[in-house]
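Once you scroll down, you'll see the structures, which are given as C-alpha cells.
Both complexes shown next keep chain A, but they swap its partner, so chain B is in the first and chain C is in the second.
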Partner chain A sequence: MSEPASALGGAVSEGFARVEEMPPRGMIALRGDLGSGAVKAAVKDALSLDLPGTWRATDAGEAAVCWMAPDELLLMSSYAQAPEIARKLGHFLAGEHHLVADMSDARSLFRVTGLDAREALAKLTPADLSPGAFTPGTFRRTRLAQVPAAIWMRDDTVFEVLCFRSAARYMFDLLTEAAARGGEVGFWPD
Partner chain B sequence: MSTRLAKGGRLLNRNRALDFIFNGRHMRGFEGDTLASALLGEGQVLMGRSFKYHRPRGVVASGAEEPNALMNVGEGARFEPNQRATTQELYDGLRADSQNHWPSLEFDVGVVNNYAARFLPAGFYYKTFMQPRAAWKHLFEPVIRKSAGLGRVPKERDADRYEHFHAHVDTLVIGGGLAGLTAARRAADAGGTVLLIEQTAHWGGRAPVDGGRIGGADPEGWVKNAVQELDVKDNVRMRTRCMGAGIYDHGYVLAYERLTDHAPDADGPRHRLWKIRARQVVVATGAIERPLSFAGNDLPGVMLAGAVRDYVVNWAVSPGDRTVIVTNNDDAYRTALALHSAGLQVPAVIDARTAPQSALIQQVRDAGIRVETGRAIASVKGRARVTGVAITGQAGEGAVLEEIGCDAVAMSGGWSPAVHLWSHCGGKLVWDEAQAFFRPDPDRAPTGADGAAFVRVAGAANGAMSTAEVLADAGADAAAESETPAPILPVWIMPQGAGPELRAKMWLDYQNDVKVSDVQLAAREGYESVEHTKRYTTLGMATDQGKLSNINGLAVLSNALNAPIPEVGTTTFRPPYTPISFGSIAGEARGDLFQPLRRTAMHDWHSINGAHWEPVGQWRRPYCYRRGDESVEDAVMREVKNTREAVGLLDASTLGKILVKGPDAGRFLDMMYTNMMSSLKVGCCRYGLMCSENGFLIDDGVVARLSEDEWLCHTTTGGADAIHAHMEEWLQTEWWDWQVFTANLTEQYAQIGVVGPRAREVLDLLGGMDLSKDAMPFMSWANGTLGGFDVRVFRISFSGELSFEIAVKAAQGRALWDALALAGREFGAMPYGTEALHVLRAEKGFIMIGDETDGTVIPQDLGLNWAISKKKDDYIGKRAQARAHMTDPDRWKLVGLETLDGSVLPDGALALAEGENANGQRRTQGRVTSTYYSPVLGRGIAMGLVHRGPDRMGEVIRFARLDGTEVEARIVSTVFYDPDGEKQNV
Partner chain C sequence: MLILHCPYCGVDADETELAPGGEAHLVRRGPEASEDAFHDYLFVRENPRGVHFERWRHAAGCGKWFHAARCTVTMEVFGTYPAQVTEPPADLLAAISAKRPGWRWRDFT
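Entry: the complex of A and B
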C-alpha cells in the first residue's frame, strides 16, 4: 500500500483569501433513519459526537459529523482511521436498515482562509452566506459555479470546501480566481 | 455649437484634465465628465449616424436612455462597440470612434439612403425581398448588412475578467435618487438588511439639478446628508455604478456593476453581475423624458430639455449660445432658467398649451424670457445641425408664423415613469390620463410564492413627479416646498394637424429610424396590435429598447387606430434594463474555467505519456497514446493489436459505480434492470440493461453482488450521475416505502483494466491473489491484495480477451497504475485508449450506449433478448416494449456488416432501398451505428440497424457515401472475432 495522494498535492494560492488543498481526510457516508436511536448511538460509539441539526456539523478534533440530507450524514476522521470506523458502524448497525461507505477518496478538500473568505465563496455559490445565515458550524451542500460542493464554516475566517475529486483542479482554479486581489467586494465589512 | 462654460459643473474636477481621442482627434475633458459631456465641451455635437438612413445624429439625452451617441470604445482586447457616450465615464487616454459611417462621420456615403427614404417605408424588407428567394442570401442580405449595423465586432480575446456575486437581503432598493435614498432609510430603520444600488456614479438622481428646497435645505445638501446617514448604518450596503438589470420570480434580481469601465487599468474584475435574492424590492428608477414629434426633431442640436439642464449644471456644457425650448409641460421651464442663469440665451419658450399658468412659468417670464403659448415647432432648420426653428400654431397644419434663429432646441414631451423593472416580473400598468403617462398599478404588483407583492415602486417611477410628491411617495419625513404646475397637454405630433410631408420627418425611434409616418402606415396596413407594429416598423427594437420612443409611438398608433391609449397598451418590457456585457453573464466561466474538466487519478500520467484526449461528458479520457511521431490512426491500430496479442492497460475509472443496499435492494434492481439481479450469487457479476419507462435502452453495465444485501452497479461513463438520479427518483417518488439506500461511489475508486492474453501474468507478478481460472472464473469478483494494494478484482471483459478490472481507492490509483505499468513491461504491456476500446468491443459485437442506441432503440432491436428476463412480472420499460410498434417485425435490427471491398463504411451511413418517399428523397432501410477498421481482421467491420436485419443474413445491401457513390456490404453476424468466446475464458 502506498501513501494516499491528494489530487493536487497540497496546492496553495494567495489572494485576498488563501486557498489550500488539504491532505486526504477520512470521510464516511452514512445513510439511515437519523431519528432512530440506533444511528445516534452508532455515531456516538464511533466518534463520540452528537448528531448535527439540519445544515450543521458537530466536531471535536479531527472527528466531525456533518448533515448531508434528511437521511444522510458525512462522518469525518483521520484518513487512516476511516476503514475501521466504517467497519465499526456497519457492525453496530447490523440488523438496522442503513448504508455505510468509506468515501475518503471520493472527494477533495480545500480550506479558504481570510477575513473576506466569505466573499470569495459568495461569488460562486447561490447559497446565502450572510453572516446572519451562515455561521461557524454551518455545513451546507450547494454548488460552486458548475460543480456540486459543500461548504463548512469552521470559524470566522476559515471555511472548508468539499467537492468530488475529479473536479479538484477546477475547484482550486475557481477559488483562486474568486479570491484574486482586486476582486474584493466589500459587502460584508470585517 | 456646443462649448464648455467657464464656470460651474457640479460633477467636474477642473483640476484634473483628461486627454482622449475621438475619431483620431485629440480632445480634452475633465475628471467627472462623461464621454458625451466631454465631446459637447469640445464642440462635437455630431456623434453618430443613424442605423437605416445614415442621418447625422447628435446626443439627445444625458443618461442610460440615450439612443444616438453610441461609440466604439477602447482598442484591441479592450474594444467594445455600442457604448453609450452618456454613460461612459471619461478616463485619461480613452479612445472612441463613432459608428455606422463610411468613409467619415462628417461625410457619409450611406446617407443616400436618406434621400431614398420614400422607397424604404415600414416593412420594406418584408415587402421587397420576398422573391426570388435565392436573391436574399446572395444579393439583398450582403448589401443591407453593409449599409446597416452599428458598431464593429471585437476581434481579440477580452483582456478583462468578470465575476458574479450572490447577495441575500431583506430589501433591495434600485435607484439612488430622492425616492431610493428615502426608501432605503425607511427599510433600514425597520431593521432588515438593505442594499441600495444606483446606476450612475452619483447619488441623488435629478434632484440636485432640478433644484427646489427640501426641509429648508438645498437638494444637494439633503442628498449628501442622507447618504452619510445611510453609510454609517450596519445593515445598509450601498453601491454606485450598479444598475438593476432585471427582476425575476421569487425576489431574484440581477444587478450589473461596472467596476473599471471608468478606470480600465485598475486591478480586479471589469464587471460584476450581482445575483440578488431580496424579500422586498423597491423600484425607484425615476422617469425618462419624452421627445416631441416635430419635423426635424432628430437634427444634431435637438436635445431633451432635462438633458440640456444636466449638461449645463453637471458638466458646465452649453449646448449652444441660443437654445429654443419647446414643451407641453412645466418642467422644461427649469431648463430655461438653468440656461438663463448660466448666461446663455433662450430666444423663446414655445409652449403647445394655450394659456398655462404657474409660478414656474411666471418666474421664466419675470426673467425676461419670451414665452409663446399655443405654439409649436413646424420644422427645424439646418442640414447637419440646428440653425433655427420655424414656429407655427399647435392647433394648425404647420403654416409658418415666424422663424427663430438658434443653434440648439430643448424639447420636452413630458416624463414617463421608468416602469421597466416593475414590469419585468408581471407588474401591470395603468394609464394616467391627467399626467399622460403609464404608471404602475399598485393593485397588480409582481407577486411572490405567498401571493403578496414583492416589488413596490417609489418616487417618479411611481408617477410622483414633483420633489414634494416624490418624497411623500417614498415616505420621507422631510417635506419639499410644494409646487402646483400647470397641467400637461398631451402632444403626440406637432403641430397636431401636420400633413404627410412633415410627418415623414418626425422621428419617433432615433436608433432604428422609425418615423411617425411609418407607424401610421403600419396602422393603415392593418397592424392593430402594438406588438405587431413594433416588429413591422422596428419601433423600440434597437439597443435602447425604445426608452424614448415607446410611449410616443404607441400614442401615434392609438390615434391612427382611433383607439384609446390604454386599449392599445404597451409592448413587453424585458430584462435587461440596458444591455449588459456578455462577460458579466459568463462570469468566471471562460478560459480554463469555461467548464469543469474532470480528471481521473491517472490523468497526469496519461498527459505525459502522449495521450490524445477525447471529451467524454466532462471527463477527458485518452483516445489513444501516441508514441513519437506516430499518427493517431497508427496508435489506435498498435494498441488494438497489442491488447489482442500481449496485454493492454485501460483507465476505466470514469465508469459509474453505484452501491445499492438494503432488504429490498434485490427487488429494486429487478425493476431497474431488464434481467434478474436478485438471483445473482454473492461473488458473481452479471451484465445488465436499463431501460426508460418508454422501453428505450438508456444504460448498461456489469452488476456485482457484494453481500447478501449489497450490489455494486457499474454504469457507462456518461450515465453515472443520471442513473444514480434515476434510481433515487424511483425510490423517492414511487417506491418510497422500499428499504433501499444508494450511494454513488464513482469517485471513490480508480479502476484499471488489465486486458489481453498475458493479463494474468502481469497480475501474478504483482502477486497476492489467486487469479487462476478455477479460483476466479469469468464473471466473478474478489477482494484481495495485489502488490500490497487493497483491491477488488472483477473478472469481466469488454474486449473478448482475458481481462481483469481492478478497483483501488482513488488516492492510490496513480500508484497502482505505475506498479502495473512497471510489472507489465516484460509482458509488453501498453496503455490503450477509448478508440482501441471501441474497436475491441466492436470486433466482438458488443454494443455501446450512444452508438447502437440513440433514445429510440429497445434492447430487442439489438438482439439482446437473452438479457431480458421472461420470469419477472415487471421491470421499467416492460409495458412499453409490449406496444404494437415495439413488437413490429418490420423494425430495424442490429446486424454485422462487411463491405465486399473490405473498406470501412462511413459512420452513420444510410442503407439504400428502392424508390423515393413523398418528399422525393431516396428510401432507406437501415443505418450504420459503429464502424471501424479491424487491424486483427485486416478489413472494415461495422454494425448497423437494418430493416428485418437478422432475417437477411448473407444478403448484400448498398450504403450511401457522402461523395455520392455507393458501397456494397453483406449482412453478417455482429461477432467478428472469436465467436465462441474462447479467448476470454482462459
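Entry: the complex of A and C
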C-alpha cells in the first residue's frame, strides 16, 4: 500500500508563532442525532471518549471527538486506525439513522504554537478569539481569510487549524504571513 | 456589517461567516398551481423598507440554515429563529410590534 503523504510534506515556518503542517491524521465524519444514546455509546465504544459540548472537543492521546454541528462530529485517531474505527462505528450504529465516512484524506492540518499564536489567528478570522471566550478545548469552525477552517485550541500556546486539503498551500502561506516577525499585535498581554 | 445569532450553535456570527438565502417564508404552490402562482413564487418579493424576514446559513460555522428578522433601514436585528417553521414565532412578532408599531410584512403584523 502507498504511504500517506500530507499536502506540503510537513512544511514549517518560524515567526512570532511557529506554523507547522502536521502529518496525516485519521478523521471520521459522524452524523446523526447527537442527543441519542446510540451515538454516545458508539463514540464511547470506538474511542473511549465522551461527546463534547457545543463548539468543544474532547481528546485523549491521538483520539479526539470534535463538535462540528448540532448533528455532526469529527472523530480523530491515528491515520492507520481510521478505517477500522469507521467500520466499527458503522457496525455499532446499524439500524440507527446515521452517516459514517472516513475523511482522513479530505483535510490538511496545521499546528500554530507560541505565546502569541492566538494573535496570529485572530488576524484572520471573525470568530471571537479573546482569552475569555476562546479557551483550551474550544473547537470552532469558522473562516480564515478566504477559506473555511476549524480552529482547535489544544492548550494555552498550541492551536490546530483544519482546512480542506486543496487549500493547504493557501492556508500555510496565510498563517506564515500572519505570524511573521514584526507583525506582533500585543492586543492581549500574556 | 450584520452580526446574527445562530439559533443552532449559539454563536454571534459575523456576516462574513454567513451566506444569505434571500427572503423567508416563501410558499411554493402545489403541482396543480397556476402559472401566475409559480411566477409569484419565483419572482415576486417584498423588498420592504423596514421590517424584513430573511433566510441565512451559518456557512462557515455549523452549516445550518436559520431565519432572521431585521430592519432594512437601520440594520437593527430583531431576532433569529430556527428554519423548521413556516412563520415567525409569536414572541418575536410581539417584540417587533413594540419597536415598530403598525408594521406589516405580507400577512404578518
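The rule is short, and it goes like this: the second predicted complex is superposed on the first by the 190 of 190 C-alpha atoms of A that agree within 3 Å, B and C clash if a C-alpha of one lies under 4 Å from a C-alpha of the other, contacts with A are read in each partner's own complex, and residues count from 1 in each chain.
Keep this in mind: a contact is a pair of C-beta atoms (placed from the backbone, for glycine too) under 8 Å apart; a residue touches a chain by one contact, two chains touch by 3 or more.
Keep in mind the model is a prediction, meaning the values are calculated, not measured.
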{"item": "Chain B versus chain C as contact partner of A:Arg25, first or second or both or neither", "value": "neither"}
{"item": "Contacts of A:Met103 with chain B and chain C, given as first, second, both or neither", "value": "first"}
{"item": "Chain B versus chain C as contact partner of A:Arg111, first or second or both or neither", "value": "neither"}
{"item": "Chain B versus chain C as contact partner of A:Pro126, first or second or both or neither", "value": "both"}
{"item": "Which superposed partner A:Ser2 touches (first chain B, second chain C, both, neither)", "value": "first"}
{"item": "Superposition-derived comparison: chain B or chain C, residues of chain A touched", "value": "B"}
{"item": "Partner chain in contact with A:Thr142 - chain B first, chain C second, else both or neither", "value": "second"}
{"item": "Interface residues of chain A shared between complexes with chain B and chain C", "value": "126-128"}
{"item": "Interfacial residue positions of chain C with respect to chain A in the complex", "value": "8-14, 16-17, 59-64"}
{"item": "Chain A - residues contacting chain B, complex", "value": "1-2, 4-7, 24, 29, 31-32, 71, 97-99, 101-107, 119, 122-130, 132-133, 145-147, 164-170, 173-174, 177-178, 180-185, 187"}
{"item": "Of chain B, residues touching chain A in the complex", "value": "161, 163-168, 193, 237, 266-269, 272, 275, 277, 587-589, 592-593, 595-601, 619, 659, 661-663, 739, 741-743, 745-749, 788-790, 809-812, 814-815"}
{"item": "Chain C-touching residues of chain A, taken from the complex the two chains share", "value": "54-55, 68-70, 72, 126-128, 140-143, 148"}
